[in-house]
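Think of it as A, B and C in the order they're written, each chain with its own count starting at 1.
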Amino acid sequence: MTTLKTACTALALIMPLTAAAEGVELTLWHMEQPPHRVARLQELIDAFNAGHDGVTVTQAPQNWGEIYAKAPAALAAGVGPDIMFVTPDFVPILKQVRDIPSVQEFVAEQDAKHDFIDSAVEAYSYQDGVWAVPLYNMAMNLWYRKGDLAEAGIEVPKTWAELQSAAETLSKDGVYGLGLPANKQLYTDQTVYSFMVNGGATEIYNADGSLRFDNPETVESYTTYTNLQKLSPPDSTSWTWGEAEACFISESCGMILQFSVITGYDTQGAGDPADLGVAPIPAASADDESNTIAYANAGLILSEDEAERAAAQDFLAFLLEPENYGRFLNMEPGLFMPLTATGAEAESFWTEPLTAKYREQIEQIIANSQNGQLFGFTSGRTFPSIAAISAQNLIAETLQDIVVRGNTPADAVAAGQALMVEAAAD
Amino acid sequence: MRRSWQMNILLALSLAFLCLLILLPFWWVVSSSFKEPQEIISRSPTMVPHSFTLQHFQKLLSSSAYPTYMLNSLIVSTISAIITLMLAVPAAYAFFRMHFPGREVMYRTILLAYAFPSIVVLIPLFGMFVKLGLVDTLTGLVIINVTFALPFSIWMLRSFFAGLPKEIEEAAVMDGASTLVILRRVMIPLITPGIASVGIFAFILSWTEYVFTSVLIVSDAKRTVPVGFSGIIGQYQIDWGMLLAGASFAVLPVIILFSLVGRWFVGGLTEGAVK
Amino acid sequence: MRGSTPLAIAFVAPALLLLAAILGWPLISAVVLSLQNIRAIGTGGELIGFDNYAEVLSDATFWRAGGISIVWVLANAVVQTILALITALALQQNFPGVRIARTWVILTWIVPTVVTVIIWRWLFSSSGGMINPLLMQLGVIERPIGFFNTPTTAMATLIFINSWRWFPFIALMMLAGLTRIPSDLYEAARLDGANSWRRFIRITWPLLAPTMGVLLVIGTLLSFNVFDIIWLLTSGGPAGGTRTLPVLIYETAFKSYNLSEAATISVLATVFLMGFALLATRYISKTEAQ
């Protein structure tokens, strides 16, 4: 054992982890791993490094698949990143491992400058602090083909009833009217919650932290979803985002719920901006306002060193500057939406070729995302147990209880609440 | 041995079945990686491509660090295979022929290395590797791969030794050769096919390793092919053409390697045999 | 037996020390973890004795996952043995191209698991997937079906994919065992008038048994611990129908954030597997000695 350790240490000396450094070095972890996103981010990082003497940012893209194990393990071992791009559900986990200081002042400063969408800041505001800096948004929308609807003689569905009848009308030989997933996976959490926010079941916690998932509105949302899901392709029980997108752009699915299909539609599908339709998720009834699920991705500063924290704030502020912000968001055109008022108008955003080509659709997505909500991160009612509830995909599991096991929505939702209580308890 | 016509038909049927079972998925993947994007996800898939394009491969090579991943994979797999052999050959010989306390028990225990669920090893190992400075190094990957290739390699090599005729070794002993000389001059040359098999086994095991690499490697420049491949699949969007091109490319180097040394692997196995 | 004991120890020590260092320490720390109450990685905890064991052993989810694991191991063993035996027997024959066939049969095993998973996910899907259209053309099914829709079909599909990856490797090991059977035995049996089936039962099968025994032990350990194929294809679903113990361990550690409980399950699984492997290897060496 000792010989091995010596040998390993010797090897480690030959291959040092980090080079000796001058000034401030910041490591950025993010899960935007597809090569074109990494490339775009690198352009921005290079520009930032060139303009900031003594500060060097380097990126290390990570995979969503392992990050829930890797990031806490790395932080605990002291080799974690200094900045990380996260979704709201990730913050409570990392907060357990490391004492993260609030960035309330910095966020307020940037808010004054760029005007954040309120719900984005809200998703990171709880327990007397603001924990991360909102950076880019993703919101769920209803996607359809205008030509298909016109041919079938139907209007864009605005209510659940209209959605049901539109899906039935569009179902014909080999085509599924509406593609909805029923996998025990995050995508299903998202699509089911899209119905819950429209059915009055936005809050899954009471103000005191007790769970209120089991209520008539939730049951009603699940009932509607289950009925619509019957019109989906047979493999939708194992769908993730990619399969749903492929179903839509190959015209096997008439409509789907998705953050964005724009890149896929343009490169792998028909690519006709005049035919691609995007609409808000239908509301429960005509009197209700439509709402959606939105993931405000944010920059989380993990470094504990004062100089590094200041440099990290500079970097995030740099990304939020309108002349950079649009280019940053367009690392995945059509998917990442601005979270600031200045960003939504930024020239750097709208000049990207693909964004310009699908401007009409993207304007609609931004409009849809204005009041997006995320389960467990609403109205400041955020409690640590949301990390386990969302990681275990309990919303999707409740759906599988109905779709796979054949239980009634009421029983499944009651069982789902029991699972959530258990997740919160232990 | 002559076969009856019934046996010939049975043989032909099983071979055709195996051929379809093994080759059809590869045909689908490789041929589809040359199709236009629209054809790949089409509702009525085509057995033979109706279109031809190299765009997926161009995109893969120009936008991702795939060549780097391949180089890393080659380095890690080659070194892992060599070190595995360096450790496994003497150990297998000792287990086969030499006397030391606890021989039988240890020999039977080494395979228990495969009894650990890898997930439980992962987290303590990460902590240990951080202390040793092995996180995010190819050295760390080599150590892991060798560890998991060793038990099976020792088992295989021991049975190769056992398959050798006793007389050869006895003749060398009569000549007064020392153990080291016998091993180096007599035994090792005789089990070259076995060594080739075990080396290739360790190489492939390292080439396909995913779980440990994905956690122990942090930076893009150190990724291996399997981990790099999983990175080109977006969380929210999938470029199916690029994915299929990546899949084709992930297999290509091993296919080239195998067309060079594959017959050694199989030859070694079937000559030496596992006891 | 020959060679000095110090030399023998010098021969085995590097390999054994490496195994002990890389696997021994994590095993000890898993045992220590299982006696504590640590939640997420990197957070603190204290010793609580055997409470975790009591809790896990009284948890229905654990027993269900254990049952699914046993089904998984058994079904894989059966499917792979049958496929591998057919393959090995076919490749033992002489026919034009047999050398090429013997080399390239291994193709499925040299593909990284992640790639295997993606290939099959795509092939089984209804967008561009080839399996449904193929089965429809063959008249097996009338309309596209979802292979991961029910726990049973999902399990069957996973077993198929995992077996597809492993059976050629096992087939080659069996082929190795087959080549060791002296051909004069067959000739003698043929002269006695035994038909091919009787020759298989009386000669091939008994003489292949030791090889099969070793393969069965290693195969059981390896397939019990298969995690990535299951996790990447079904995540243990639908409705927990493919949640084997490794999947449960992963979920407990990284989804429910209960590291200590995950360690407890791991220790129990390891003890069970070790017990099985020790009994099986002892049985094999006994039958070999006879």
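As a working rule, a residue touches a chain if its C-beta (ideal position, glycine included) is under 8 Å from a C-beta of that chain, and two chains touch if they have at least 3 such contacts.
Please read all numbers here as calculations on a predicted model, not as lab measurements.
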Each chain counted as touching chain A and chain C at once: B
Per Cα centroids, the chain farthest from chain C: A
Result of counting contacting C-beta pairs for B-C and A-B, higher pair: B-C
Euclidean distance of C-alpha centroids - chain A vs chain B, Å: 37
Distance between chain centroids, defined by C-alpha means - chain B, chain C (Å): 16
Residues of chain C engaged with two or more neighbouring chains: 18, 41, 127-129, 253
For chain A, residues that touch 2 or more chains besides their own: 5, 65, 69, 73, 76, 243, 246, 250, 252
Junction residues of chain B - those touching two or more other chains: 40-43, 122-123, 143, 227, 230, 233, 240
Residues of chain C that touch chain A when the two form their complex: 17-18, 20-21, 39-43, 121, 124-129, 143-151, 154, 232-239, 241, 251, 253-258
Chain C-touching residues of chain A, taken from the complex the two chains share: 1, 3-5, 65, 68-69, 72-73, 75-76, 93, 96-98, 182-185, 233-238, 243, 246-247, 250, 252, 387-388, 391-393, 397, 400-401, 403-405, 423, 426
Chain B-touching residues of chain C, taken from the complex the two chains share: 1-5, 7-12, 14-16, 18-19, 22-23, 25-27, 29-30, 41, 86-87, 89-90, 93-95, 99, 101-115, 118-120, 122-123, 127-130, 133, 164, 168, 172-173, 175-177, 179-180, 183, 186, 196, 210-211, 214-215, 217-218, 221-222, 225, 227-228, 245-246, 249-250, 253, 259, 262-263, 266-267, 269-270, 273-274, 277-278, 281-282, 285
Residues of chain B defined as touching chain C within the complex: 1, 3-4, 7, 11, 14-15, 17-18, 21-23, 25-26, 28-29, 32, 40-45, 47, 87-88, 90-91, 93-95, 97-101, 106, 108, 110-125, 128, 143-144, 146-147, 150-152, 154-155, 163, 173, 179-180, 204, 207-208, 210-211, 225-227, 229-230, 233, 240, 243-244, 246-247, 250-251, 254-255, 258, 262-263, 265-266, 269-275
Touch list for chain A against partner chain B, complex: 5, 8-9, 11-13, 15-17, 31, 33-36, 38-39, 60-66, 69-70, 73-74, 76-79, 138, 174, 241-243, 245-246, 249-252, 259-260, 263-264, 267-269, 332, 335
